[in-house]
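A, B, C, D, E and F are the chain letters, set down in written order, and residue numbers restart from 1 in every chain.
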Amino acid sequence: MIQKDLLHSVAAQISENYDKAEVPMYSDQLRLPNRDTVIQIIEKLQKIIFPAYFGGTTISQVTADTYVEYLLGDIFADLREQVELAFSNKVKDPAELAYKTDEAITGFFTNLPRIQELLMKDVAANYEGDPAAGSKEEVIFSYPGLYAIFVYRMAHQLYESGVPMIPRIMTEFAHSQTGIDINPGATIGEYFFIDHGTGIVVGETTIIGDHVKLYQGVTLGALSPRGGHKVVGKRHPTVGDNATIYSNASILGGETVIGANSVIGGNSFITSSVEKDTKASLDMPKMIYRVKKSDKK
Amino acid sequence: MIQKDLLHSVAAQISENYDKAEVPMYSDQLRLPNRDTVIQIIEKLQKIIFPAYFGGTTISQVTADTYVEYLLGDIFADLREQVELAFSNKVKDPAELAYKTDEAITGFFTNLPRIQELLMKDVAANYEGDPAAGSKEEVIFSYPGLYAIFVYRMAHQLYESGVPMIPRIMTEFAHSQTGIDINPGATIGEYFFIDHGTGIVVGETTIIGDHVKLYQGVTLGALSPRGGHKVVGKRHPTVGDNATIYSNASILGGETVIGANSVIGGNSFITSSVEKDTKASLDMPKMIYRVKKSDKK
Amino acid sequence: MIQKDLLHSVAAQISENYDKAEVPMYSDQLRLPNRDTVIQIIEKLQKIIFPAYFGGTTISQVTADTYVEYLLGDIFADLREQVELAFSNKVKDPAELAYKTDEAITGFFTNLPRIQELLMKDVAANYEGDPAAGSKEEVIFSYPGLYAIFVYRMAHQLYESGVPMIPRIMTEFAHSQTGIDINPGATIGEYFFIDHGTGIVVGETTIIGDHVKLYQGVTLGALSPRGGHKVVGKRHPTVGDNATIYSNASILGGETVIGANSVIGGNSFITSSVEKDTKASLDMPKMIYRVKKSDKK
Amino acid sequence: MIQKDLLHSVAAQISENYDKAEVPMYSDQLRLPNRDTVIQIIEKLQKIIFPAYFGGTTISQVTADTYVEYLLGDIFADLREQVELAFSNKVKDPAELAYKTDEAITGFFTNLPRIQELLMKDVAANYEGDPAAGSKEEVIFSYPGLYAIFVYRMAHQLYESGVPMIPRIMTEFAHSQTGIDINPGATIGEYFFIDHGTGIVVGETTIIGDHVKLYQGVTLGALSPRGGHKVVGKRHPTVGDNATIYSNASILGGETVIGANSVIGGNSFITSSVEKDTKASLDMPKMIYRVKKSDKK
Amino acid sequence: MIQKDLLHSVAAQISENYDKAEVPMYSDQLRLPNRDTVIQIIEKLQKIIFPAYFGGTTISQVTADTYVEYLLGDIFADLREQVELAFSNKVKDPAELAYKTDEAITGFFTNLPRIQELLMKDVAANYEGDPAAGSKEEVIFSYPGLYAIFVYRMAHQLYESGVPMIPRIMTEFAHSQTGIDINPGATIGEYFFIDHGTGIVVGETTIIGDHVKLYQGVTLGALSPRGGHKVVGKRHPTVGDNATIYSNASILGGETVIGANSVIGGNSFITSSVEKDTKASLDMPKMIYRVKKSDKK
Amino acid sequence: MIQKDLLHSVAAQISENYDKAEVPMYSDQLRLPNRDTVIQIIEKLQKIIFPAYFGGTTISQVTADTYVEYLLGDIFADLREQVELAFSNKVKDPAELAYKTDEAITGFFTNLPRIQELLMKDVAANYEGDPAAGSKEEVIFSYPGLYAIFVYRMAHQLYESGVPMIPRIMTEFAHSQTGIDINPGATIGEYFFIDHGTGIVVGETTIIGDHVKLYQGVTLGALSPRGGHKVVGKRHPTVGDNATIYSNASILGGETVIGANSVIGGNSFITSSVEKDTKASLDMPKMIYRVKKSDKK
């Protein structure tokens, strides 16, 4: 009986705290996309883009046209509903809501073949970039880097249409599966290669050229956003074509440009631009000191 | 038939190895908490702390008091059972076991409103800290940093009551979902901000002040624990109010203090204290060497 | 009706793209292992190796021999089927396929007791290495580092038998759960310790001695594989006995040797060998510059 | 390739058949309730009506008011959505649709306490009626008869409000679980007892008094509905108070009245009324013939 | 420890009993179809035959041809594999096994449009036959009778091709869901109507004409199969066109013919033929005796 | 807001009704067995009794002793826990509770081989009895009659030990799957055959000899239990060896004895004993009247 009183009192306090919060806490006005549905859409898109790997035995029995068309139809209504939900917190006029939703959905499906072509190039890049890859098939079937790029490219298309929340839900799902956090707003060229990937962060206003390679732990981030939340504009770096950035390097700042063909060594901390055709690296030999065994604690 | 013999022989060898192990391997004396139940409790706590985001449509129909009280009641017995299980390997006296369990459970529920208030401040900090955040709602709904802080604050309360294993199960679950590893023993102030987060490690005896910001890959860790397992006491750093620590920085040692308002640059390796109001950073311009294109292999 | 036309047209374009791809995209010739089955096998192996932790109440009622033998029998057919599937894309002759499959399977089960013994030593190392570990039981039950080592040791045995894809599926699963990416081809000695772990990468041709300790964010990787995919041979470093490598250090190159008993400091970037009994570290005190508060933006 | 052609041709034929069908076969105009959601609502209603049996441990921690109110809130939106869906095929005017939906929903919740009281009486009747019942608790927890009555009483309330399809989905679910088919349109008094139950059919216009007992295989059905589908009005029998109808009896016809206190023997076939206080039974002794053993094949 | 001995001894006895059994009990030679897969195939066939009811939103986005072709392709490989498994216990020659499997599979798909047409007629019959049916849509969506007929017609096609076990698994699944047990071997005409259905049994050699109506509890069964298992030939009745058989009637025997247009009253027990245009019924008024209230115990 | 008030008021009324109920409605004193766990135990017992049919591929790899012993161990703790729960509502003394639980559990496992032998005989009977059975394998794999007998024999053993509720939960589960309701208290001899089965009811005090055959819809029930709940003693019939009872026959009363070798015709209604070697049947030819076509409505 005492515990009933305890929980009753705790509930009252928690309930009061809802009222004090600056964000809606116990409001039924919020309309949020359904994370599970968004994830299912991603899984079906994977079947569409890589049928021989995730499409099961169906592909042996029907033409590719039929296979793809069915699956597109299978996700259409769900994706449309989620996009409309996501817009509906901001767009209250029904006609405008329908217009924006249709525009985003049409844009998404229209661009899917183009995105598919980009992803084929990413497959090639991820195979070429990793000597440990047994085959391109293995890359498609089990590489987290390619998976993160796939999800990013889908989310980016929705981001481009101004769809709120859903692009982020998508890339955060990939983030939780792979440890690779690519903001859906980033602009990324062709033949993008990510190796291992865990710990990679690519910020919202990053621009990445073609044939760029990123290793695990690389940050393409912002300089300290002092000055509050209102900082807008380009806050993340630009990386030129053919650049390679090794593990754990941090490259920060919206005006920082890594020139084409440059190589950034592992664990570098870069806050200003690096010219093209340059190798920038920590000069470890000068920095390390050696200790005799006896000195060690 | 040959394979039956093979498996029979392998089984016998594995079975023998159980006996040789220094830890109980095939003993029914161990009583371990149920991981799935612990995870379900976390999910229900999320519905209690952030109802408009994870509580479904129920909140439109009932008062907040009813909503919270029901959910508290819903987790009570499960949490109590798990806590008792966790204590039972060490506390054999039934009266003491009941006493310690009740104390921990009462402590947990009594402190829940206070923890909720802390989390509201964390929401504000995570929104303010990230210019890419579209809204506070998005922060609550999809930011891994906030999720890791939420789980840590729940686990820390149980840790404070001396509950074995469960706090660690909780934070390891968050770790596997987000790549952020905050030891439940760490002491963390108000308005804690984690950006991206993957690769962050916060050790058991870390003390973090208010308004601190951590970026991905930051380690607040111990210096080499040479001397065996018996090292106790403060092994991890202290971080003052308003400090900001950029990506991939490693700050080590129990006597290392990062002064208030300091900024630690990305990829720094810090093993001694940094005064307050200081910016400590790798001086990359001095360290990098540039190579002409022709020099590159 | 317009949207039906849209999807029809999009499907046709996607379908055409399949034909242009360099890898089989809409081919039913590919025979891929089943990821879910492989994961279930890992979970059952966990019950075999650590019965008191993952085996439930059954162990109270039957002898260890019976328990193990049943579970070995339970995975046998599934593992054999997956291994055969994995080989079947490369080995077309039925007799050779059966031979290679049997050889790999027999090898796997025969070596299981030996791997179990290695894992017992890893448990000891992970307990000794982490002062925050409450008990060895906690290490087995909830440490991601030990989990990643467990999966690696299982996958490595299959890798040694030349089984395609499955070893990688196994370690990528551990990677997604823990953020620790150990290539199944790596060679790792006894008493291997991983702390926290997120962001660790151990490349395919890495050789690691006994009693080695790795912290989060450590890369044991390859130097830039310029020259295309054909680079073979040893591309990743060798780490001697008793070496300790702190957080976020990157050690690269097939000829790079970290000598026995050496300590590599956090955030180091090492591309050449370090002698034994040496402590190599960024000399941060020389590199950081301090700024007065007034200077900070 | 041949099988692709086969499936292609079969698909074309099936598709053509859709067009020929008299009911909409490939139309997206149909809006059907979601069976799974309806079943979940039933399961939550069971927790509300019989908390000690299906409500789990929550009831130990919170007051009954809180418990019930939360669960009512938990089903409210789902039930409302399903009811609106069910009406929407017939009611096209949005205002009328909302009005009818609200009316049905309000009616349902308002009547819930009254239905609960009826069900308490049914519990008593089912306990009294079955000497094999160990306790009333066992009746509530595991008797299919009570379960079918519970579902019928819920469905009947919605039927009374004119809700299409959902009442039938509910009772067909109970039918599939128990073999007891009570049309939601039937009118059934207090203290209704069903024993064993499999094979019981109670038609749409049946009227059943108080304290009636039905055994397995009893049909309360219509006489042959020759004359086509347009037959309306009372087609099923009326059963008076305290009547008992034994196993496999068939009682047919809208004008057939089983008088109060009557007993209908097993396997009877009744198509005309039976006076009150009457025992009507097959006179088996007159009908059976005995055969000597030697006569049997 | 004592219980370990107990279980050990019990296991030994059970194991010995396996050897004594006349059927293979602990043999890995048996190859049985997978029940779950067979049930999934039934569910997908339901989507193909009744798309507007079970096909979800996909049908709004793609043509019927695409929809059907994809789903046919989706079940093809699974059905083929199960059919091959079912044949493989009897047919050991690989070529013959492949031939029989292909023949059965081709037959199944080729006949699907014809079966679909039959089912459309069954829908009409089930709607016409039940005045309580609100609409044909309700019949398709929630009538167990139609569901049992649907499964029977699918299973019968496989039965006709001699496929072992699978037809029975299909109809037993429908049996468990509906209480209607139609042997897949039965021959059933057009416009078949089942009302309520629970308890209906239709034996293997039954022949049923067009426009026949069966009510709950009807048995079309065999006379006593004395003489052992070897009884073959027609053992179950023949029912003529337009016959109606009311609840709980039992009609037995291979030579028993119910003439066209006849009506068999409820609870009848028929073991010899009934002429056409005849109403056969228990003459209850002659059989029942009435008792005054005072006589009742 | 109005609906919140509505639900609040409804909740209050329902809550009040709990207090008025005669059975505990909102009490946490009731300790009920877990239905899901009981069902899982049944499924594992099926693997033990019929390994080649439900045991998967494991049986190819391990000896029968190992296989059985593991599975026995796998259910032991769960069954013990459920039995203790079931007893705990009645037996409050801990020592007595433990004693009764152990006795029941020991009895169950000790008798398992004997029950297995009975079930082997039932398999033979069910194969012999049904000419439609393709093989004994098909009988084991898909016949609902055998399944119901299997569950009854397990439940009966627990009933014999006085275990409350669990035997009934078991047979009610079989009832819901098959429509066959055998009370766990019934006494049933060897070689028991059930054909089709739906609608069969076998009451608690029924005694059935060896080689008895029951068809669908047969009731072995009680005469009207007038006189209230206190009726005890034998209320259900006795059926002699080799008796056959055809579909829909109702046999009622504790003193009713069906003599050995007798045959009860379909749809019979029997309330007094039938001598041995007798065929008792409705004499339909005398009872049916024929109507010319013109007479039919």
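By our rule, contacts are C-beta pairs under 8 Å (C-beta built on N, C-alpha and C of every residue); 3 or more make two chains touch, one makes a residue touch a chain.
Remember, predicted model here, so these are calculated numbers, not experimental data.
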Any chain in contact with subunit C as well as subunit E: A, F
Chains in simultaneous contact with subunit C and subunit F: B, E
Most widely separated chain from subunit D, with each centre as the mean of CA atoms: C
Same-residue or different-residue interface between subunit D and subunit F, half as cut-off: different
Farthest-lying chain, centroid of Cα atoms versus that of subunit E: B
Degree value of the rotation bringing subunit A onto subunit E, based on Cα positions, nearest 5: 180
For subunit A paired with subunit C, centre-to-centre distance based on mean C-alpha positions, whole Å: 24
Computed distance of Cα centres, subunit E from subunit B, in Å: 57
Separation of subunit B from subunit D, taking each centre as the mean of its C-alpha atoms, in whole Å: 52
Two or more partner chains touched - positions in subunit A: 3, 7-8, 57, 59-63, 65, 67, 69, 72-73, 76, 179, 198-199, 217, 224, 248, 263, 265, 267-268, 281-282, 287, 296
Chain-level touch network, classified as line, ring, star, complete or other: other
Every chain pair in contact, whichever chains are involved: A-B, A-C, A-D, A-E, B-C, B-D, B-F, C-E, C-F, D-E, D-F, E-F
Subunit C partner contacts - residues on subunit A that touch it in the complex: 48-53, 57, 59-60, 63-65, 67-69, 72-73, 76, 106, 109-110, 112-113, 116-117, 120, 123-124, 127-134, 136-138, 140-144, 177-179, 196, 198-199, 215-217, 224, 226-227, 244, 246-248, 263, 265-268, 281-282, 284-285, 287-293, 295-296
Touch list for subunit C against partner subunit F, complex: 56-63, 65-67, 69-74, 76-78
Contact footprint of subunit D on subunit A as seen in their complex: 3-4, 7-8, 61-63
Footprint of subunit E on subunit D - complex, ascending: 3, 6-8, 10-18, 20-28, 30, 32, 89, 164-165, 168-169, 172, 175-176, 179, 181, 183, 185, 198-199, 201, 203-204, 217, 219, 221-222, 224-225, 228-232, 235, 248-250, 252, 261, 263, 265, 267-272, 275, 277-283, 286-287, 296-297
